[in-house]
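Note sheet for the following structure.
Residue numbering begins at 1 within each chain, and the chains themselves are lettered A, B, C and D in the order written.
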Amino acid sequence: MTQRTVIAAALAAALGLAAGAAQAQGQGPIKIGSFLAVTGGASFLGDPEAKTLRLYVERINKSGGVLGRQLQLIVHDSAGDAKQAATFAKRLIEDDKVDILIGGSTTGETMAIVKMVDEAELPFLSLGGASVIVEPVKERKWVFKTPHSDRLAVQKVYVDMKARGLTAVAIIAGSGGFDQSCRKNAQELAPTMGMRVVADETYAPTDTDVTPQLTKIKNAAGVQAVLGCGFGGITSITAKNYKQLAMTQPFYFNHGVGSKQFITGAAGGAEGIRLPAAALLVAADLPDSDPQKKPALEYAAAYKAAFNEDISTFGGHALDALLIAVDAFKRAGSTDKKKVRDAIESTKGLIGVDGIFTFSAADHNGLDEASFKMVVVQNGEFRLLK
Amino acid sequence: MSLLEVRGLTRDFGGLRALDDLGYAVARGPIHAVIGPNGAGKTTLFNLIAGIYVPTAGRILIDGQDVTALPTWRRARLGLARSFQNLQLFENMSGLDNVRTGLHRHEPASLLGAMLAWPAIRRAERAGRKRAEELLAFVGLEAWAEVMAEAMPYGVLKRLEIARALASEPRLLMLDEPAAGLNATEKGEIDGLIRKVAAAGTTVVLVEHDMKLVMNLAERILVLDHGRRLAEGTPAEVRADPAVARAYLGTGHAA
Amino acid sequence: MASRHRGLVLLAAVVLALPWFLANKFHFQVAILIGLNALVCVGLNLLIGYAGQISLGHAAFFGLGAYVPALLVDKLRWDSSLALAAGLAAVGLLAFAVARPILRLKGHYLAMATLGLGIIVAIVINRELDLTGGPDGMSVRAYRIGDLRLRGEWTWYWITGGTLVLGVWLAQNLIDSPAGRALRALHGSEVAAESLGIDVAGFKVKAFVISALYAGLAGAMTAHFLQFVTPIEAGFLRSIEFVTMVVLGGMASTLGVVVGAAILTLLPQLLTGFHDYEHLVLGAILMGMMIFLPKGLVPSLAALWTRWRAQS
Amino acid sequence: MAEFLQFLFAGLTSGAIYALVALGFTLIYSSSHVINFAQGEFVMLGGLATVGLLAAGVPLLPAALLAIVLTAAAGIALEKLAIEPARNAAVVTLIIITIGASILLRGAAQLIWGKDYHRLPAFTGETPLEIGGATLLPQSLWVIGVTILIVLGLRWFFGRTLLGKAVLATSHNRLAAQLVGIDIGFVLLLSYGLSAALGALAGILIAPITLTSYTVGTMLGLKGFCAAIVGGLGSGAGAVVGGLVVGLAEAMATGYVSSAYKDAVAFVIILVVLVFMPSGLFGRRGTDRV
């Protein structure tokens, strides 16, 4: 009968039977549940997101909390795995009975739970990039997202290319979800924006070298500009290889490279590369009149002080989600899920670090496009492209 | 027709010719033995007959049927069974299950049927269990039925291997050094066991170094040396053959 | 009662009793995922535990089992059951096609070949963006039987529990049969098995296909239950997870692998509180268990229990 | 021609990297018949430890040496604490133990050095060399050169030194080696230590090219395993040939076919090689002796 004992013990321990789970609603802290890709391939997203949430929940609590209640943050590491994300989301909803969900660092993690939050009728702020997360809005009553749509990133790049008279673009993209979404957008947007994709190469995020792919692009006929889609160490390698091959076409990346590591890792190869990024990345370059400058600089300073790391734009997505949630709780005057959802949907002019948010029944992303800037790497720093 | 016949059997390992153009026939009935000094090609011959090795040249016939191209398991299904020089028991199974595995060629082996617990298979299981228990008793191992093979002493394993081979009700049983590593008492038991098997109608071919045992048991003996036939005949004939004596004395293997 | 049914009855009792102890939908979801992983492991155990053939690529079959029916329903509007049958047929065919050349290999070479096969399938699912949605995964429609849509934890708990019990029953029957002994025999000694008339290559192929079908069915059920699937389900790490479940719980012990599946499915839930230390602890637990209980949890504990009983 | 040369350089560089990792696999497999799935983590440890020590103000050379020593210690600890106690366990159990070790090492690295990726400075500058219209980074020459030196060194070690012969003897027949007085325990510790040191050295050499982070070990380990298997386990020359075959095939497939399935190339090669040569290109073909 050893088997039964083992099973019973394991289940009892795991499912927390002993714990008196149900807590009186409304009396204790406001619970914010989060599942993020803190480790694994997408940890470049999840790690700063988790750090930011912890940092700011603590700060908010120190200054008295929200509605006179403390915030309680529960973060689970999904490691970027959609199945794991779905299970943690279920746990947050059913077991922890959270008042709002923030998370899903990636599109996959998010899409795995959109049906779940709809059934649970729980407000959910996603940090994923793809626009399908909030579209069609009719089917996404409870889902909102804070990052700029990754489609917008490509649009920005194309607009900049066209302004320089470059219309024939080569794509070099990683095989991850974030990268492939960018690649797909680049292909789909090209005809409507008067661009032509003349080369399309792929690499794995674990590759050690991309010179073969770049050599093919270099030798392809008529390439006027190159767009890289990716994130992490491999983007630095790409930039380095680009320089090694002495390629001369203007090189663009999507917003995945918006962190200082990209520049230092590329050993000079990042110089001159352009990318779209939230204003956060170049806050110092913003005019003082820009309403985002102050909060962005403050966030950068606070993050650096707490973790001794430079901010990335991804942590900003989490901060904005938290700010939107807190704002909604305040305006709803309670944690009633329906009221909080409505409050989020009626958010107006909220100044976040990603931009200014104005949600509506027709727009669950709510970001103004103006806050998505084109940035260039100059002397080893991200600078606002003027 | 001979139960087993090999014609022109040759096998090279790299540059070494282990068996050279050997002709050999085994008639139904008595106990046969293959002897010879170390490296004479005895085990190679067994492995060629069993189908573990592919011959470089030559043919192998069982009951007149050419089996040279057949894989080992098909030859086994024609009624060829064997024991191994360096024991090949199923260590992950009990004594009884080892013997039951020997019944394989007479049992319905359908996976689907087994999974769905078809009555025919359950019936075969009950009958097989009984048969295996009988065989264990036959070799005197009733007490070892539920012991895992990995926990059995050497002498027991030797007999278990024979019981397992017998379970397939072979026409021809090949025993590779059945007495090797056994003490005098155990050798006596094996001797008796082989006689019992032969008496029950199974043709036995054995490779053995123990000349006393061979001369006692075998009715016909093939002597190999350097992969060639040196002599063949009754124990008395072989004993009298000067070439045999030379070969054995030359390598220090006095009979 | 035949001894092979004792474990089955125990399992069925656990499945029947468990809902009394499950407080909410999350608990049910974890229980369902345990059951589905256990289903994979019961099949994989036939291959690894009994037939002694390692596979580091079974997530490929799990993933195909999830994707093929999902795609047939989504793109071609097939009936769910028809799509499931087609999915299983595809899994079985692939397993059958690759089994013979691959299973000639032994030990680490076999491990590498199965690993390679798994990775290739995962890469294909990952790369065929237009078809599968790529790395971000795809939504899966609820399983329909006529007008009935199979949805919700309660429904899937009983479907999973029933399938698992059935799967264990089939596996136990197989193990305790001539064919099952043939599988164990080729694990013990291939040459002896051949010499007894066992078609070693054939049985390896059959064990491979059957274990692939278990994985494929579990994959399809997982996708239908979660209504979402990503290429991670077909990936290398998932394959390793399945093998670890089998080895951890106890090779050649059907109840053992169910326990192994339970432990490994629960661990992320248990360890999530360790935050940054989670992987450190997970690695230490895996190593510790395998070092101190090398035959797996259930067989090792069972042996201890017998010894303890014998002493007292 | 320039194009071909460029693919060739890329393939040689990657191939040499895979070969270095594969040599580590080979070393451990030779002595203990264990496939160490934590081999890639030694590569990661070597690179990250050097980065960490550099950041702490240690100059490059002592930092690298210290990192190699630390990683070798990790290898020895793995053998002593995890492999040795489980030496009689089944192959698959040992695989799970080394996988557990790799999860543990990755978890530890992530705690110590964080999740960012880092770069080591190139040993002799970043200015690419131009050869026949193609370019090659000086660091690639370092990788290729050191790989050649290591292969020669290992050949000397196994062929000319008593210790090396003891390792070989242990690999062929552990019992016999023990009988002639070889200290098996020491030989095993040595080969794990050496293999870890080799991994660390690889990690340091390639960090200027590939960058390094706590996750680099996984795929490098897999590719190294691939290379070791293609070459035939237990053969040093096989490991190098295997590494080059995989690296060159990836580069040429990317260059002349398509990059979409680049990361599948190594595994397709594995399947093709194993179907036709079940023991790899240089592996010993065993016949069952019964």
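Keep this in mind: a contact is a pair of C-beta atoms (placed from the backbone, for glycine too) under 8 Å apart; a residue touches a chain by one contact, two chains touch by 3 or more.
Because the structure is a prediction, the values reported are computed rather than measured.
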Taking all protein C-alpha atoms shown, work out their mean, then name the chain whose own C-alpha mean is nearest to it. C
With centres defined as the mean of C-alpha atoms, identify the chain lying farthest from chain C. B
Measuring from the mean C-alpha position of chain B to the mean C-alpha position of chain C, what distance in angstrom results? 40
In whole angstrom, how far does the Cα centroid of chain B sit from the Cα centroid of chain D? 47
Can you work out the whole-Å distance between the CA centroids of chain A and chain D? 35
Distance in whole angstrom between the CA centres of chain A and chain C is 34
Enumerate the residues of chain B that touch no fewer than two other chains. 52, 84, 88
Flagged in chain D as touching 2+ other chains are 110, 260, 263, 288, 290
Going by the contact rule already set, what residues in chain C reach two or more other chains? 123, 127, 191, 278-279
For the chain A and chain C complex, residues of the former touching the latter: 1-4, 6-7, 10-15, 17, 21, 38-39, 75-77, 80-84, 86-88, 90-91, 93-95, 106-108, 111-112, 115, 130, 175-177, 180-181, 184, 202
Touching residues on chain D, where the partner in the complex is chain C: 29, 35, 82, 85-86, 88-93, 95-97, 99-108, 110-111, 222, 225-226, 229, 233, 260-261, 263-264, 266-268, 270-271, 274-275, 278-280, 288, 290
Chain A partner, complex, touching residues on chain D are 3, 6-7, 9-11, 13-14, 17, 110, 114-119, 122, 126, 128, 135, 137, 206, 208-213, 215-216, 218-220, 250-251, 254-255, 259-260, 262-263
For chain C, which residues count as touching chain A in their complex? 7, 10, 14, 18, 21-27, 29-31, 33, 123, 126-127, 129, 134-137, 139, 222, 226-230, 232-233, 255-256, 258-259, 262-263, 266, 268-270, 272, 275, 278-279, 297-298, 301-302, 305
Would you mind writing out the residues of chain A in touch with chain D in their complex? 39-41, 43-44, 47, 175, 201-204, 206-209, 211-213, 215-216, 219, 232-233, 236-237, 240, 244-246, 261, 264-265, 267-268, 309
